[in-house]
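Common to both upcoming complexes is chain A, partnered first by chain B, then by chain C.
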Partner chain A sequence: MPQTKSVKRTTRTESSTYLNEAIAIWFRDMRSEFRTRYALNAILMFAVTTLIAVSFAIGSFRIDESERPFLYAVLLWIILTFSALSGLSRSFVKEEEAGTIDVLKLSARPQAVFLGKLLFNLSLLGALGVVIVPTFILLMAYQINFPVFFTTMIITGCLGLGAGTTIIAAMIARASGRGALFSVLSLPLLLPLMITCIKGCERAAIGYDSAGWPEVKIAVAYVIIMITMSLFLFSLVWEE
Partner chain B sequence: MFTLRVSDIGKHYGETLLFRNISFELHKGDVLAITGWNGAGKSTLLRILAGLVRPSAGAVEMFFNGKPVEKESRRRFIGMVAPAFSLYDELTGLENMEFFATVRGLSDGGDHCLDTLHRVGLSDHAGKTCRDYSSGMKQRLKLAQALLHEPPLLLLDEPGSNLDSRGITIVEEIIAEQRTLGVTVIASNEKREADYADRVFNLSE
Partner chain C sequence: MVQKILLTIWMAVIIVAAFLYTEAAVGFPGQTSRILFFHVPQSWVATLSFLVSMAASVVYLAKRKLKADHVAQSAAELGFLFCILATVTGSIFAKATWGSFWNWDPRETSIVILLTIYGAYFALRSAISDPDRCRVLAAVYSILAFVTVPFLVFVVPRITASLHPENTMNPANPGMDPRTLTVFLGSLFAYTALYLWMLRLRIRILNLESLKVRDLFRGRGGGNPKTENEQPRMKGGRAQ
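On to the complex of A and B.
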């Protein structure tokens, strides 16, 4: 027997805020990710492999002590940035490849989609940071004299990384050769942030007077600019 | 009261002309079938009506209770099913529906999701992951997703594809019920589906 049922039609009330929509999209992405672990596996595998390779090749004693703060900061941000580039494009590419992007376009407002995907990418970056940063510190015997400044730098840096890569991921989702395009477009956009974060982490390790925390301020400004610009531009990227 | 007005719509990709000068106006209760050869642009026309593709010329206007519907608000007035659409394979049928209900801000999401799944004959499979659905069940779920917010404009691109006779009956019921709510536009080459409509627009002529 068909299970059809006549439903009495009423005028439905629709009331959603951008935040509700964004959280729904973030929650759905997280739920899918927990079931497939595609992006998380890609990011963590890349990060862990690179970290192990670096720690074996360089270790904690092959670099002169005076050069450690700078070189360790460089290595840490190279690992974080390239690990992020290996998986963060999936947030939009997956929608395009699975054919779910049109239904999402018809259901959610563009800005809410951007915010939801940004939250998802930030969650992945959070997981990456929690695993990689302490492991890096342990394996490389990374001495940090200003831990609070260092932690704030890592957090703001990851926020910037997430903001920068999310809008690029949206832009390349429909292109062919997405992987290469994602890296090529992301690097110029992320370079100012990377340089700032490397400088900040170096200062935190050495223990310079970090009064005013200039690198953190630059990173926060970067995050605000990227998110604001992305919210304005995303509609143009999202719609045909 | 819902009205869809299409004025001199045209679409070309590069120098390839798909169609041009298409105009029609539909009011609540109307069902229009769009037919034509493969590649005539039936699906593209539906995507233009949904706002997923920009027309090369002309305009699509919608009016609800006599007032024009802004482009940004149109998604609330449109439900669409198309072969190219997919839902989230790693979620269950109910989770898919709950996601769309939340995103659309439906006030009584949970119960309404189950009601809608029941309407398309999927209530017994609500907890099953969509990856395990047959193609016919996926088509039913797409129909449920399109009906969830009871849109005044229902766009059905080959709605009967992959459906068994029970599914076809459900599509017939949906189209009949939509007459009391708004407008239906069907794109299909199936004579049976075109027969649901009051008017037929052949893109190949």
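On to the complex of A and C.
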């Protein structure tokens, strides 16, 4: 009897794909997040308070109209990036704190864990973007003349934020002094993406441009490279 | 010993030749073009060091040899030093020719990002107490950071036009005059040799330190007074 049971279990493990495992981890994280809402609250409250501070200090008319596309893009991306950095490390740090990390190591393959956590972080970033970007546009009277490009830029930029920070979150979960270290390690990797996104949003606000969407292409390339490298390197970080 | 003396003489000859043998280039105010013989080799060594650190990190992850990690760490430390030197000399040149110490020229931006990457690398190393984990995570971070460098090369120059001499001064005369070229190549060689020498010293220091730690543990673990007495002799023998 025990033999058949173990055989059954092996076949089931073999039939489970990376994607299944990743989605299972994603759902599990979402469920635990809905129970505590720690990461979501941290990120959203950080973003909202920063946005209020920016809006209060600058308002919608203080900046000259010709300067707005660039300066607003800078402010928006600073808010988005630093809010993301305030909460995204939770995905791995909470495993370390709750002591569930060893069970997770046993129950899923490293790449699947990475993908699951990436999906979870992207969900958080999605929530952040949906709340913050429209509020920012309303509060600051941000005029965008090419909304499709702007939306695509925000989406690819958020994908890039998730792709760049997930493996760093896994790394700092093993280190002490986590909060500060996460921003310190992530920012140098995110700076090229930030510069690209700011430029893209500025161009989108100005209006249609025959140059095409080079910023979106760069951001997509960044996402692909970061995810590929993370998939290669994650098992080293995870199994250490 | 001979190498050290030769290198000192070579370096001295280059410094004298940089000021007396070559002519100041046309198009630069006063004697400022002589920065070429110092600033460019410094930034070359900083970049080379970054590459060495990344390659040693890959070797460490593949083979788990302690020595590879020592190379990676030493290269990062020296790279940081040369990076600061290049930044400072470049900044002085910027003041003399462009009128301000810092104006976020693309070259200045990318060197600042390089500095933050090095800084983050050291912050990571100092934050992890377990030495093995520290080595693996530092190696992973080094590789991840290296992957983002191409973005700096392609992305940042897109944002603004550069004032860096290679873009503004040289299109008319692609070839350097032969005397300048000789001294420049000589200086490049001198700086690279100096770098390799310093790198070897630093690696030897790290190796000796790790030996010392190992001997210490041995002495404690054995609990035998005889082994403790033997230690100074052993250490002295290896240090020579």
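Keep in mind that, in the parts below, the second predicted complex is superposed on the first by the 223 of 240 C-alpha atoms of A that agree within 3 Å, B and C clash if a C-alpha of one lies under 4 Å from a C-alpha of the other, contacts with A are read in each partner's own complex, and residues count from 1 in each chain.
Methods note: a contact is a pair of C-beta atoms (placed from the backbone, for glycine too) under 8 Å apart; a residue touches a chain by one contact, two chains touch by 3 or more.
The model shown is predicted, which means the values in this text are computed figures rather than measured ones.
After overlaying the two complexes on the shared chain, residue contacts for A:Gly99 are found with chain B alone; chain C is out of touch. In the superposition on chain A, contact of A:Ser66 is made with neither chain B nor chain C. When both complexes are aligned on chain A by C-alpha atoms, chain A residues 240 touch chain B in the first and chain C in the second. The residues of chain A lying in touch with chain C in their complex are 167-168, 171-172, 174-177, 181, 184-185, 187-189, 191-193, 195-196, 199, 214, 218, 222, 225-226, 229-230, 233, 236-237, 240. Considering their complex, residues 61, 109, 113, 116-117, 119-120, 123-124, 127-129, 132-133, 136-137, 139-141, 143-145, 147-148, 151-152, 154-156, 158-159 of chain C touch chain A. Chain A meets chain B in the complex at residues 2-7, 9-17, 20-21, 24-25, 28, 31-32, 35-36, 98-100, 102-103, 105-109, 112, 239-240.
Interface residues of chain B, counted against chain A in their complex, comprise 47, 50-54, 72, 75-76, 78-80, 82, 84-91, 95, 99-100, 102-107, 112, 115-116, 118-124, 145, 149-150, 166, 169-170, 173, 177, 180-181.
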